[in-house]
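Per-chain numbering from 1; labels A, B and C assigned in written order.
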């Protein structure tokens, strides 16, 4: 599959010129954002097997800080991105340390509880807009406010970030850290007996994942120019990350990308076909897809392809 | 005294929490499995009640029974078609399965019933009971008492009947139970039916007093988790006490701190429990 | 063959501009499903009636600009085309839909969005893309408080309502009623927070004590804590700033807990929703509400408009839908004066709007926008629930019925 990576890169790079216009560019941007968030989650949820369903806490932090910097001090939202990453990092450590002691389902539940707690709390905190939320500059004061009318600049900025996340994941995969992650996923007790520093590894994975998720949140709020407790910290944000990674294949490099590739156009299609009622249909489909995935192919499309591809190859060679 | 009024209101609602959480704790105790769609079972029970009233003109007994039965069937179906298979699979699949189910149920309800809040048309139960200055609307009073009664009934079912002891045997030691001739699969299906059924009837009871929409399932699900964590996994009596306590804490928080803070207190308690005492009041560690 | 192909191509390429004189597209964002669906649907019907008034000849409504003619006379009789979208009360969705309306449906102007939180986000999109946005009904101050050029609002705002309430309290005090303290129960999004803030500020200036302010989340089903807090504080007036299902729930819970303050004032919204009166008329007699809409006497323009609306929906026009309809008509008037579909021209026409009270269907003192885009002549009256209808009770000079104080609620 040596040619597939350059081909993929070229496709992503030139997509806006292959399918032009606000409609397709909007889908492209949505796809990239979904891929970034899911890839970020993938590090701790896919590779290390720690199924967090509360990652919206990091996304929300990353989404709020840029608009907060604008709202409080009039700074360009971009200036708030590093702050978001820092707060997410601290949050990851604070949450990770007590929560990683819990196993399996309890861990997932704890992540949901904490994310919900933060969401409700933010909804009562006046400084960050309470239930109303925050807005960014509607009309940019200069280019660094990043308020573009067209989707195109956002597309390339997001693409650059995706490349960074994927590259980092790639390096992690190949490193000893990656080996530790896979060992933990396979079985924590066994990993510990092999000398894997389980606690430290899980924490590091969460920290890395949190930072990237935070950046995804920042990208989202800078582009849309609005954030509120529901769109930043809502449970659907968390669930979407998990679903997309799982659909494509959690714990694989390109799984989140494939998941996003399948799910984002699907969501746009159902929204467009059914107008207002469409978003309900989208989530029914989401739900159905996840249930089928869980029931028949937990490894996602990646695993399905691993099973099916050799058979296809054999048939084409035989012919 | 207003404070007593707050307490009574909290306990009545807490009783309903106890009812729908008892089913969740049963599954949890038996299978070490968390049903993220549990809140949706409650929500569906509310809609079953609505349909029975609107289509058949039934009263509380009718729609209560209908909700219990319909959800019982749903619970068994969910177990047989989905849960039974994913239990043997990876953790991600187990979590995703009921999450996906929750989305499916919730948004199908949105699709069918729309997102508008609905309430049961005026039912036969109305009016308010006045006991020494404490006002209890009849629907809420009846719901609370019925909920406690049903929770106790579930507890008795588990501890005093043959079927019950078979369920508990599977919970305690699946292999030993198999050796005794008990079919774990059947027992687990039954547990799911009971859990969903109790959630359904809890929903029907709540529908008598409160408006709802498909979105309420999410909150009930989380409430159920909190109750079960506090009460201890696998303990129905624990769920009963915990339900009452959580209802009480919620009402007091809303009254003392303000309605927008009541959920914060409850979830903070939840997070604290998970970190400090995951086994809750009465559960096995 | 080539000539034919070229001819076809020429025709195909010219067709878009040949259609341009035909329609002016208005993108309308309302909650057609969700908590406020009834209000959204009612407004949608009102907008359709308004479109009918503008697009077709209605000489019997001669007071209203554009009623007598067909379409927009200054744009060659161009008709208005309405594109409705449902934001479900979700501000993020409102924002996405506004973007779609502008970039993909190429609407010329926008109207919306009911919930202040949704207007807040959708208007920012209009500002960024330079498309005029008319807010027909949202009350939060911050919607026109951001220095935006493209946003206009025909309806009164939170501070107007607060001032109205204070004037009402002054009148009541002069008539000997006790108003030592008030309470404000408010849903906690943009709308509720903005009105509550305005009320608190105005109360402070007018020496009216606010006994308690109770914010709550519109999505929780149990409101007994709020009612019990009120019961403890015993205010003389309770002002509810709530959407539909909460408004109904409050009335029911108050009855259950046997709590009735001397007066309840609903800040429109939930209290004006078509489902409110049928649900709680028997237990909320005497509850007050605000409205800028009065059906008026048979034969009047407002009466005829109400008849048109009633023929379409089977119900009387309510205040919220009326204000949206008025916003629509102001927009149509400006589109006509602009004489073109260019955004800048439309914006200029809007800024120069100067409608007199006789040209309006609502009880405003006129329509004239200041440089924040706010109609400075917007105003409202107060109405009271008697039997199954709201009647105008304040100010005295416009009153059609006597004000009952204290309210009766469920008691006879």
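Just so it is clear, a residue touches a chain if its C-beta (ideal position, glycine included) is under 8 Å from a C-beta of that chain, and two chains touch if they have at least 3 such contacts.
Quick caveat: nothing in here was measured; it's all calculated off a predicted structure.
Taken as a contact graph, the chains are fully connected, with every chain touching every other chain. Chain pair with the larger contact count among A-C and A-B is A-B, by C-beta pairs in contact. One simple way to say how far apart two chains are is to compare their mean CA positions; for chain A and chain C this gives 39 Å. Between chain A and chain B, the centres computed from C-alpha atoms are 32 Å apart.
Residues of chain C found to touch two or more other chains are 33, 88, 188, 217. Annotation for chain B: residues 260, 263 touch two or more other chains.
The residues of chain A that reach two or more other chains are 123-124, 277, listed in rising order. Those residues of chain B whose C-beta lies close enough to touch chain A in the complex are 32-34, 81-82, 85-86, 89-97, 99-108, 110-111, 218, 222, 225-226, 229, 260-261, 263-264, 267-268, 270-271, 274-275, 278. The touching residues of chain C, counted against chain A in their complex, run 32-33, 85-86, 88, 90-93, 95-96, 99, 103-104, 117, 120-121, 124-125, 127-129, 146, 148, 188-190, 193, 217. Looking at the complex, you find that chain A touches chain C at residues 22-23, 26, 123-124, 130-133, 135, 138-139, 147, 149, 224-226, 228, 230-231, 275-277, 279.
Chain C meets chain B in the complex at residues 33-35, 37-38, 88, 188, 214-217, 219-226, 228-229, 231-232, 244-245, 248-249, 256-258. On chain A, the positions that touch chain B within their shared complex are 45, 49, 51, 53, 98-99, 101-102, 104-106, 108-110, 112-114, 116-117, 120-121, 123-124, 235, 239, 242-243, 246, 250, 277, 280-281, 283-284, 286-295, 298.
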